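Below you'll find a set of structures to go through.
In what comes next, chain A is part of two complexes: it sits with chain B in the first one and with chain C in the second one.
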Partner chain A sequence: MPDVSVTIDGTQINVPVGTNVVDAARLAGVAVPVFCYHPKMKPVGMCRMCLVEVYTPKVDPATRQVVMGEDGKPVLALMMNKLQTGCTTPISEGMVVNTASDRVKFAQKGVLEFLLTSHPLDCPVCDKGGECPLQNLTMQWGPDSSRFDYEDKIHFEKPIPLGDLILLDRERCILCSRCVRFEDELADDNVLGFGSRGRSWEIISKSTPAFDSKFSGNTTDICPVGALTSSDFRFKARVWELKSTPSVCNLCPVGCNTSLDMRYNELMRVMPRENDAVNEIWVCDKGRYGHRYAVQENRLTTPLIKRNGEFVSATWEQAYSLIAERLGSYSGAQVAGLAGPKLPNEDLFSFARLFRENLGSNNLDHRPGSPADLPLDDLPRTYGVGKGTNLMTLGKGTAVLVIGADPEEEAPLYQLRLRAIAQRGGDLTVVSGYPTKLERSATRKVRVKPGTEAQFALALVQAVAAEKLASEEVLGSGRLKFSDEYRRVLAAHKFDDLVAATGLAREVVITTAKAFASAEHGIIVYGRSAAADPAIPQALAAFAALTGKLGKANSGLIALRPGGNFRGALDMGVRPDAAGQPGLSAQQVWQQAGTGVKAVYIAALNPAAENPAAAQALQKLDFVVVQDLFLTETAQYADVVLPAAAVIEREGTFTNAERREQRFRQARQAPANLPADWQSFQAVAQLLAERAPVAVAARTLKKGAKVFTPEAPQGWTAMLTSDVNDMVTRSVSGYNAASYSALSTSRGAWGRQPNEAVYYDGTSYENTEGVGIQIAASAEDSRTTLQLNLSAPALRPVGELVLLPVARAYDGGDWVRGSKLSARQVPAHIIMSVADTARLDVGIGELVTVSSAAGSITLPVQIETGLDLGVALLPEVRGSTLGALLTGAQTAITVVKA
Partner chain B sequence: MIGSLFKGLGTTLKYLFKKPVTVEYPEVKRPVRERFRGRHQLKRFENGMERCIGCALCAAACPADAILVVAAENDPHKPNSPGERYAARYEINMLRCIYCGYCEDACPTNAIVLEHQYELSFYERAGSIFTKTELLVAPDQGHGEIPPILQHMNRRPSPPAQIDL
Partner chain C sequence: MALRDIHGAEIDTLLARYAQRRSAVLPLLYIAQDTYGHLTDDAVREVAEIIGMPATDVFEVVGFYSLYYTKPMGKWVLQVCDDVPCCFCGAEELITALEQALGLRAHGETTRDGMFTLERVKCVAACNKAPVLQANLDYIYNLTADKADELLNELRRRADSGEQLSVSGRAATV
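The block that comes next holds the complex of A and B.
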């Protein structure tokens, strides 16, 4: 973009065309006070706080030439002959801005004096007090007294609930509309608006349930006064009493940077911490309200051993030695380990070592072993977005293809970030078989027949050949190798047949492929529905590779899978297919329970809650260890239960969907000094090693081996979590640069201004404790050859209806304990089309019995108007017992009225 | 030499017949000055409502970190204090306190006042922590009206920004 030169308070500076005066001043180191303007949103000029003097060079109307004065400089004229709002005035060449003249000061004082006439001035009880822009701006720019009658203030009833999470104090609201604009522009939830007129003008919620947005908490951050307060922080503490600890949310694979605000040893609130490349300055409500589980009273605090069917408390020594003794008495093939994808990398790494090195077992998995499990997919390790990817910088020239994903439900922040790319001029294609919210923001909304995403993806690969869209550079490099299966599948699936199966017009597929291939950056985001059929990720990887969207920043795949640290679980080797000798997957473990498998160690997973088959299998096992925060459904079947420290009580790292490893710190002392999960794994491993020192055969690492292989045994001598991290950096490929100190480096990201308080008081915390490190995709090494493969799409089952499982953000999982969001959790239900429900004669909320070859369940019905005939969606939430129904990626079902 | 000895003895002799300045403490107690800063009291309004609104400004002002305030939300039907907020816990550690009176200055409602009680000794350290029950004056000991601005109908009164002093 061309730069224009302007002078602000005597400082000359070049800024890009289109910058407004407030932002330009910020670049020049001058603070212009603002209330309604927020750099993440379009300016509206509602508050008049940013008034400045703007002079432009005088232009002779006749000649259209700048008039020159006698001193040879352009003659300046005050724009419109009055003060201008800086936030709505774009910079132009030769502009001179004065932000500190008497006239400006007079205006600023006036604006503040007026704002304060209707303000209750109840700072002593206001939750914003101490981080309130109105307080700060008044101190810096305001008048020292008011000429208005203090008694004559407008009064409203004190807080009214705007929703169940956010309360509104109308007296304090300065009607800047930041909250309304955030919801409309950024979150695309048209839930807030203005009501009434004049002095009763107020913010209202327009939705039922009230303030129905998954991002509502962010409005309390950007509200420049204490008008919006969060129900889970009201009056808990004054902000200056809080101690902020940098943390990372692990409730979904976005990995938002958060700040845990503690008072003494108690969690007071969770706030976003700025990280441009991850969450900008936002978090979703799940991240903000969903971390209270760790501070519940019913946490486990001592190890339990089952004696005669009853759990009795035991010492740690007793528990560890019993575990080591029992696990050590089986052969490697007889034991299995399941560790949840919400655990930090250090724990997953130690868990994998415990099994592979000390128990000689490859039966490892991070999935719960339900039929709803997604097949393993590690293509983003190779074809994932490259190092240096930053979605915030993308706009024009970027094509994003979202397929088989509902980002708001699977990884909420992607809703904001992908929508923002489209708003900045990027090309956003959303391909889905059912309605998703992101569709509304798409440049191209592509609704395929439900369950035909695989055909669509293959059609894209075909389109590359048909339309000659392949990147010369990639083809010329000779890096791409095509398997026989690849050719066979392409030959067997003709473009027209594929397109016909999706129910789309040819042109739609071709324009999508062309838009993607011709863009400078191309990103493919695929989620739950796409990952259910391995053919889809393969085809997407081939499409990205052929069009040259691989191995570089801002191009490649992003997979959204369940579990905040699923990426870490794959990288750390908690997967059955690693190290060349495949082990049993979780599903196979349950099938072979009692026969092949005798003992299972389960950490941070609760398979019995959702999957009746797992609960039965657990009973057949000789020995079960469960390590968790609570006495879960699964723990009921355990022989030994070990408690563990929660995320907020320890430190560690998570790797997010874009393979960015990020570090979180300890915020709180664990109750009863509980050890972190890895410490328990290490204690068991030490005892096992004492019993039978493992003779580890020297293993040679294949060059460029795709799967995780520990470099060498490193003993079990870690004292701190950072010692485990050292081992990770030494032995996990790609992680060698990700030491704790490197993870803790942060950069001043997006041009904060000298007086940062002017914009961001009480909002997102500045990131001073590390923005993380992105792990390079293996395609970034130009020497790697890339083996492309394809497989035939899963057969669409024949049946009255086809059932597709879909993800939900509010899934009722264990994280809900103690959260204000518990009322928002959706109970299990089935979603059907208008036509199907009419045929069955069932209405909303009525019960139906759903049967498949695997079993049957009874659920209430929800109707989705946008859904096609012949498909039913089953949200994956607590109580849906999906496992009892599913037979594959898509399941044929029959539905009858119950 | 001898002269100065007698001079000293003379002074002693002089004081022998004067009224002593010391008092027989603790039987006799000398009144303290009006602005003496002794043990704190939490005051009430005339109508018995607590003046303290749990703002924790006293705790923020305290140079000795002697005050702990944990606030909570008032029950609108049975408020403890005017406004939405009150102090659910209010504690002062008298061993930490240096009786500087900063808390009194910081308080927007004149709730915390350093009064004249100075007999502060304890058998154990825990006894030096005065809780709200000990600090709060009796309900009939209140003074001052809640200002009219805070007594609106149909709304919970705002906490006092400008209150009688």
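The block that comes next holds the complex of A and C.
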């Protein structure tokens, strides 16, 4: 963009065309005070705090030429002959801005005096006190006294709830509309507005439930006063008492950077930590309010061993010895390990080593083994978005294809980030078989017949050939190899048949393919519905590869799968297919429980909660170890239960959906000094190695060597989490550059200037502790050949209705414990179309019995007006027992009124 | 009965009149107000549902305009102008007469029988015929205090006659 030259308070500076005066001043190192303006949102000029003197060169109306003065310089004229709001005034060539003249100071003082006419003087009891822009700006720019009568201050009942999470103090509100605009513009939740008028003007929320937004907490951050406070943090602490620890949220694969604000050992609040490439300055409510589980009283604190059907407390030595003894007594094929995708990389790496090296078992999985599990899919390792990807920088020239995903439910921050790309001029196509929120922001909303995303994806591949959309560069490089199956599938599925199956017009598919192929950057985001059928990721990878959207920054695939660190689990090898001889998947483990499989070690997973088959299988096993924070449904079946430190009580790394590895730190001392999960894995491995030293390199051991000692068996000598990380960087492909010190490197973000706390105070934490390192996709190495494969789409089952499982952010999982969001968790239900519910004569909330070949369950009904006839959606929430019903990616069901 | 059942045809006509459904929000709110007497929370939500607007946005509209009533009103809403020209011509005397006749104060209070609500308003743009009162937004010109009783009787008679009244002014003739 061309630059224009402006002078701000005597400093000449070149700034891009379109920059407003406030932002231009920031670039020149001049702070213009603001309340309503926020760089992430459109300016509105409501608060009048940024009034400045703006002079532009005088233009002769007759000649349209700049009038030159006697000194040879342009004659300047005060714009509109009055002060201008800096946020709504774009700079122009030759502009001279004065932010500190007497006239401006007079206006600023006046605005602040006016804003304070009704603002209460309750800073000592206000949660915002200490990080309040109104305090800061009043100190720097405000008057020292007010001419208004103190008794005339307007009083409101305080506070009133805007929703169950956010409280509104109307006396403190200065009506800047930052919260309203955030919800409307960024989050696309039209849940806040202005009620009444004049002096009674106030923020209202009339949605059901009130303030129904998954991003509501962010409004408390950007509120420049203490009007919006969070029920989670209200009156908990003064902000200056808090110590911030950099952390990373592991509740979904976005990997938002957070700051855990601690007072001593108490978690006071979770705040976003800025990272342009991940969460900008936001965090969803799940990430903000969903970490209280770690501070619950009912956490496990000692190992438990089951004796005569009762759990009794045991010492760590007893527990570890028993585990090592029992696990070691089986052959590798008889033991299996399941470790959840919310565990950090260090744990997953150690877990995989324990099984592969010490137990000689490849029976590893990070999925719970339910029929609702998604097939393994590691295509983003090759075709994922390249190193240097930063969605915040994308707009015009970028095409984003979202298919079979509901980003707000699966990875909420993507709702904001993908919508923002569309708002900046990017081309956003949302392909879905059922209504999703993101499609409201789409350039192209493509509603396929439910369950035909695979046909759509294959049609895109066919369109590449038909419309000659293939990238010459990629085809010419000779890197693409096509399997025989690829050719067979393409030959067997004609474009017109595929399009007909989706129920779309062929132009829709062709336009989508062309928009993607012709864009400079192309990103494909696919989620739960797409990943359920392996044919879809394969076709999407082929489409991205053929159109040249691979192996570079801002192009490629992004998979959204369950688990905040699913990407780490795949990379660290907690998967049955990682080694030469494939092991059993979690589903196979349950099927072979008691026959082929005798013992299972389960960490951070709760399969019994959702899957009755897993609960039965657990009872058939000889020996079960469960490692978790709580005595979960699964732990009830365990022979040994090991507690562990929560994420906030240890350090480690997570890898997010874009393969960005990020480091989090320890914020809290674990109760009873509980070990991190990897420490228990290591302790067991050390004992196993002692028992069977042949399993690892022989080394003389001191008799009775304790766990965690440097003399421990070779390879299991980690003292600190960073020691495990060293091993990860040495042995996991792609992670060699991601050492802890490298992960700590920070760069400035969102153009925050020094000392901007004056007006962005309390907004989010500046990132000083590392923005993470993106792991390169293997397609970025130009020597790799790219083997493309395709599969025939899963056939739509024949039946009265087809059931599709859908993801939900508020899934009622273990993270809900102690969370303010517990009220927002919905009980299990089935979602059906208007026509189907009318046919069955059932209304909202009435019970139906849903039956498939696998089993049947009874659930209340919800009606979705946008849903097609013949399809039912079953949200994956606690209690839905999806496992009892599903027979594949799509399940034929019958529904009768219960 | 829901709005759709009572005023379905009129609502469809209104919705068809505009390029965007949300443009019909003001007339639909008037219909809801007349149907339910005032705009209850449920009534506003019903309008939001019909138009397909977020409920909050419709509440913003209701809060902004003074002619949407969120508390119960009389069958007749009497709005007396107390701006300068009307005052010169006897508006205060008129207000006092009405207050005495109705036994209430002109702060938006409603008679116990639910017949009249009395409000003061600012200029209603008929200064040449002051003092002016609006009865359900129909102008009553040159209304001096001595004519107050006569007017009230006439309005009561009209209400009792079963005439369709509209506090939203949908029946107003000017």
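Throughout what follows, the second predicted complex is superposed on the first by the 874 of 898 C-alpha atoms of A that agree within 3 Å, B and C clash if a C-alpha of one lies under 4 Å from a C-alpha of the other, contacts with A are read in each partner's own complex, and residues count from 1 in each chain.
The criterion applied here is as follows: contacts are C-beta pairs under 8 Å (C-beta built on N, C-alpha and C of every residue); 3 or more make two chains touch, one makes a residue touch a chain.
Small disclaimer: the values here were computed from a predicted structure and weren't measured.
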First (chain B), second (chain C), both or neither touched by A:192: second
Touched partner set for A:171, first chain B, second chain C, both or neither: first
Contacts of A:207 with chain B and chain C, given as first, second, both or neither: second
Chain B versus chain C as contact partner of A:120, first or second or both or neither: first
Partner with the higher number of touched chain A residues, chain C or chain B: B
Parts of chain A lying in touch with chain B, wherever the complex brings them together: 120-125, 129, 150-151, 153, 155-159, 171, 234-238, 240-241
For the chain B and chain A complex, residues of the former touching the latter: 53-57, 59-60, 70-73, 83-85, 108-109, 148-149, 152, 154-156, 158-159, 161-162
In the complex with chain C, residue positions of chain A that touch it: 190-197, 204-208
Complex contact set, residues of chain C against chain A: 41, 44-45, 54-60, 63-64
